[in-house]
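When the chains are written out, they are named A, B, C and D in that same order, and each has its own residue count from 1.
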Amino acid sequence: MKKIAVLTSGGDAPGMNAAIRSVVRKALFEGLEVSGVFNGYQGLIEGKIEQFQLGSVGDIIQRGGTILRSARCPEFMTEDGRAKAMEQIKLHAIEGLVVIGGDGSFKGANELVKLGVPCACVPATIDNDITGTEFTIGFDTALNTVVDVIDKIRDTATSHERSFIVEVMGRDAGDLALWAGLGGGAESIILPEKPFNVDAIVNRLKSSTSRGKKHSIIVLAEGMMSATQLAEILKKEAGIETRVSILGHMQRGGSPSARDRVIASQYGARAVETLLSGKKSSAVGMRNHKVVDYNLEEVFTKREKLDLSLVDLAETLSI
Amino acid sequence: MKKIAVLTSGGDAPGMNAAIRSVVRKALFEGLEVSGVFNGYQGLIEGKIEQFQLGSVGDIIQRGGTILRSARCPEFMTEDGRAKAMEQIKLHAIEGLVVIGGDGSFKGANELVKLGVPCACVPATIDNDITGTEFTIGFDTALNTVVDVIDKIRDTATSHERSFIVEVMGRDAGDLALWAGLGGGAESIILPEKPFNVDAIVNRLKSSTSRGKKHSIIVLAEGMMSATQLAEILKKEAGIETRVSILGHMQRGGSPSARDRVIASQYGARAVETLLSGKKSSAVGMRNHKVVDYNLEEVFTKREKLDLSLVDLAETLSI
Amino acid sequence: MKKIAVLTSGGDAPGMNAAIRSVVRKALFEGLEVSGVFNGYQGLIEGKIEQFQLGSVGDIIQRGGTILRSARCPEFMTEDGRAKAMEQIKLHAIEGLVVIGGDGSFKGANELVKLGVPCACVPATIDNDITGTEFTIGFDTALNTVVDVIDKIRDTATSHERSFIVEVMGRDAGDLALWAGLGGGAESIILPEKPFNVDAIVNRLKSSTSRGKKHSIIVLAEGMMSATQLAEILKKEAGIETRVSILGHMQRGGSPSARDRVIASQYGARAVETLLSGKKSSAVGMRNHKVVDYNLEEVFTKREKLDLSLVDLAETLSI
Amino acid sequence: MKKIAVLTSGGDAPGMNAAIRSVVRKALFEGLEVSGVFNGYQGLIEGKIEQFQLGSVGDIIQRGGTILRSARCPEFMTEDGRAKAMEQIKLHAIEGLVVIGGDGSFKGANELVKLGVPCACVPATIDNDITGTEFTIGFDTALNTVVDVIDKIRDTATSHERSFIVEVMGRDAGDLALWAGLGGGAESIILPEKPFNVDAIVNRLKSSTSRGKKHSIIVLAEGMMSATQLAEILKKEAGIETRVSILGHMQRGGSPSARDRVIASQYGARAVETLLSGKKSSAVGMRNHKVVDYNLEEVFTKREKLDLSLVDLAETLSI
């Protein structure tokens, strides 16, 4: 193997740049050439490919977003699109590809594997929803962002007897809402993985108010409903007034946390090692607190259920 | 004068605690007794009044919110309510009152002045909308909070060609949106003080996109319309997709910035000096970068127009 | 078991308050009474013991330091001191104790175990140097603090061709220096666990300068030598000028990171469960990314060697 | 005037990039060409000059340091060096220069003025020590950095009865130490502008300890002595143990505060206007809370004395 390439795809996540830096420098350290592909699979089709040096990834470890940018690419879903991508891969003599992104991005990699391109996939998404790894890059940063917001809201909430709803990202996965709710000391956490029970929420709100608690914070994963919908339900069903904060895309930005930089550095280097070892189709990740690589197929199986005991813990501690 | 009291009222603002600390310690330093009134005017009516010592305000300079809490108080709007407050004031032998809050709170103080209670008002609101002072306590912190959010959104915006709307607080005053838009490098800033022109915004979005700009951020003061409404307008009128972040109450929380702590310390001490000097009805503030006090009546006159040259500057710099 | 108590001891660590909150609320949830002991073992001797309610630990999850405070206690090292502590334990009918701290604190717990008091120990130290657990409370926060400082120094370093030494805490354990160096993209990391080689450091500095690298950052664990000493060595041996930052106690403070709050919540609750299950002498911690408890004796055995492959990774990536 | 250039010089300060952006975009907006000079006056001599476009300063408003870099330049102190610089200025047809930096940098500008190059100087230094302006770019950010450190130290200080010394930058100017001490609630502030009185400091430490205060923080401007020296004095003279934090260059880094971005934007644009208006030798700044420009000569006169009433206020409030 003489040359590999790296791309980022899908929703961006803090720490992607740290992973790119790790892939590029590890590759150069191992005597490989390495190229950056801009704009994800779209750039692969269009040949937006640039040879990288040590300095190409200088001073990026601390930056949010991705210097390689990202884009949706419906064209890559077509056989024709992928054929164009393969032409570029041959033209640039790329013998292995590191794909940094979420499961949609990994499906793209899987298509390239079928066409004979060895791929190593690095999980990076604030949703933490990739099968086979305990942590994805970006989750820890997003978690700190949300908890910081909850802290700010608690400041103002303690001055006025009010209930607040904080809507966080997470269409199908409640990891972010769950950890943020626990870390933020929220009274209620509403997740896609758990049946929604308006009575339970109302009861918690009322009992905490009756105990003299000065604030009530509900963390809501967007996958369940919108904060505005929940506010209307609470008003209609229980006469409870709430204020709404919809965090939106700020959750995807910001300088990556120390931990996200460390795992991004570990994952990136491991992806290069995996390609060098001759594996054709793999994902890297963390299991039992150790960096591992595993067959990419596994990513497409069902994810282990979210540890709902953490929900119980959060509720126990926020009484 | 032997004894004064201090209360916070209205929406809370970061730095209120630093102001309370300053009032209490300055008063004690000057040989006065000083009491804290809890829950604003409501607490004054109910006699939630507590004698404070040096230690009562220890380790609060860095805290968001207000240890004295705040509350709306419709009862104080009535003659009867105010009579009850006067009873408590006499009962506790309070000879002067420091009111920390916004203009609603200052109107309450004005009623007490009419009943013979000397009041010194300290402006604290993230809206920065008090007539007669260049800065209110809390504005600088809220500004940094919003700019930090814009930075995070810019990270993710550069990876995807998208337009973002960030809705910030400010019903009648666009100060926060204006400064945040300028500090955050926003493409467009929409303020209550400026006619809304959908064509101008669309043109700026389109021209920046055509120049290859990778992101577009619109900062919107809530007083103009909601972010959701604006998003619908942009979609209907120009086919432009935008993402929405509604920051909500997080803007009122957080540890106060260094500057807010400094001016809170200055204002609080000045309020005590103002009472000691025998003034019956005053507000403190900043003019020409100097701490001043002035007649409370002035607060209720019309505020000088927002410096819209800053809007022009923001637009010039974000081309 | 009807009543337990909780204390913090040794150097403070961010997240201790989150752990206290978890112990208290979990205990109350389980129907126990729970007391807080102030000032560590000294307070146990002096009977500074207070019954806690749900509200006693309200709004502390986000606070640095420890509301129970901490203190050295030479008296507890004596038989006489421990006898006094036992009197208080009996007087307050305490049937189990949760000790939050580092290994020095755990030795104290071990003495109480010998006297018949069931103890559950919760590891909290920014050094991450407790045998038997992957993470201690406070490490993640301190890590983010140090990485944030490195980011700031990098800003200024890129403007001037300079080498910087950042001295971080860690007398015997290099975990903090290692992770911070990796996360901060440092050129060199100097740890107690690794032989110090001045030539290697000088060579890295020179080669990175010769490659046109605009800054060089050396992270130094205080256990090896002081930053000032290292600066003198580099000047004398290689004529290299460096600037020094000694972070000191700021590393122990600050609002805990989301992750530290989550593990503090988990550990605290687990400690209560461990006592309730009848275990007499245990520590809680994280193994293979799962919360566990284990025999306290194990803490006093030698810690597994630091994973020096991370040092290699850091050096590979900062070429 | 058809073309101007911009350079940064001296110690870097957060917000320099925001000022560069403002100069470049305002110049382009006004129909001028604009070049960036790299490495300060050294780059001017060596012709490290690059024509800038709108995109050259994209996404830098939030970055610490300076994209133009900075360097000391002894050669520019010589007539020969300046002659080389003049050659480059002619070669690139530069008709006006914006210099962003501190007073050393402004002296360089003054030399160019003598040689016929119109210069507009923008004050940027964390020391806030430029005659004629209330605020320099970078001061507000550094202030927040120092206050954040003091907050962290206070967390750990409250757990242990200890005195801490925080050494901050400021060789001749105590502004940073003064504001940080006031904002951080420090017990003592030691400044170059104020006679050092070890007895007064010891008395404050002892009296606050005797009042049961749990922590004592001394903020020391490096211009007076080193923190280590002070620690030795306090130990020798009064037997008081202190811990030392030397913040060093971290004070110069970090993303600029909102306020620093706003004034950097204002100053940069004003500098361009000043050149366009035909002024040959000016500095921009803030007076009475308004952006002004004034004759450069004024910068080299003695600065108005620091407002030591703030020291009194700090001491009154930290009793």
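Convention: contacts are C-beta pairs under 8 Å (C-beta built on N, C-alpha and C of every residue); 3 or more make two chains touch, one makes a residue touch a chain.
Treat the numbers as computed from the prediction; the structure is a model and nothing was measured.
Taking each chain's centre as the mean of its CA atoms, D is the chain most distant from chain A. Remark: chain C and chain D have CA centroids separated by 35 Å (rounded to whole angstrom).
If you average the CA atoms of chain B and of chain D, the two centres end up 28 Å from each other. Chain centres here are Cα means. That of chain B falls 39 Å from that of chain C.
Each of residues 151, 154, 158, 214 in chain B touches at least two other chains. By the document's touch criterion, interfaces exist between A-B, A-C, B-D, C-D.
For chain C in complex with chain D, the touching residues are 8, 11-12, 14, 63-66, 69-71, 145, 149, 151-161, 164, 214, 243-254. In the complex of the two chains, the chain A residues touching chain C come out as 21-22, 25-26, 28-29, 54-55, 58-59, 61-62, 134, 140, 143-144, 146-147, 151, 154, 158, 179-180, 182-185, 211-214, 255, 257-259, 261-262, 265-266, 269, 286-289, 310, 313-314, 316-319.
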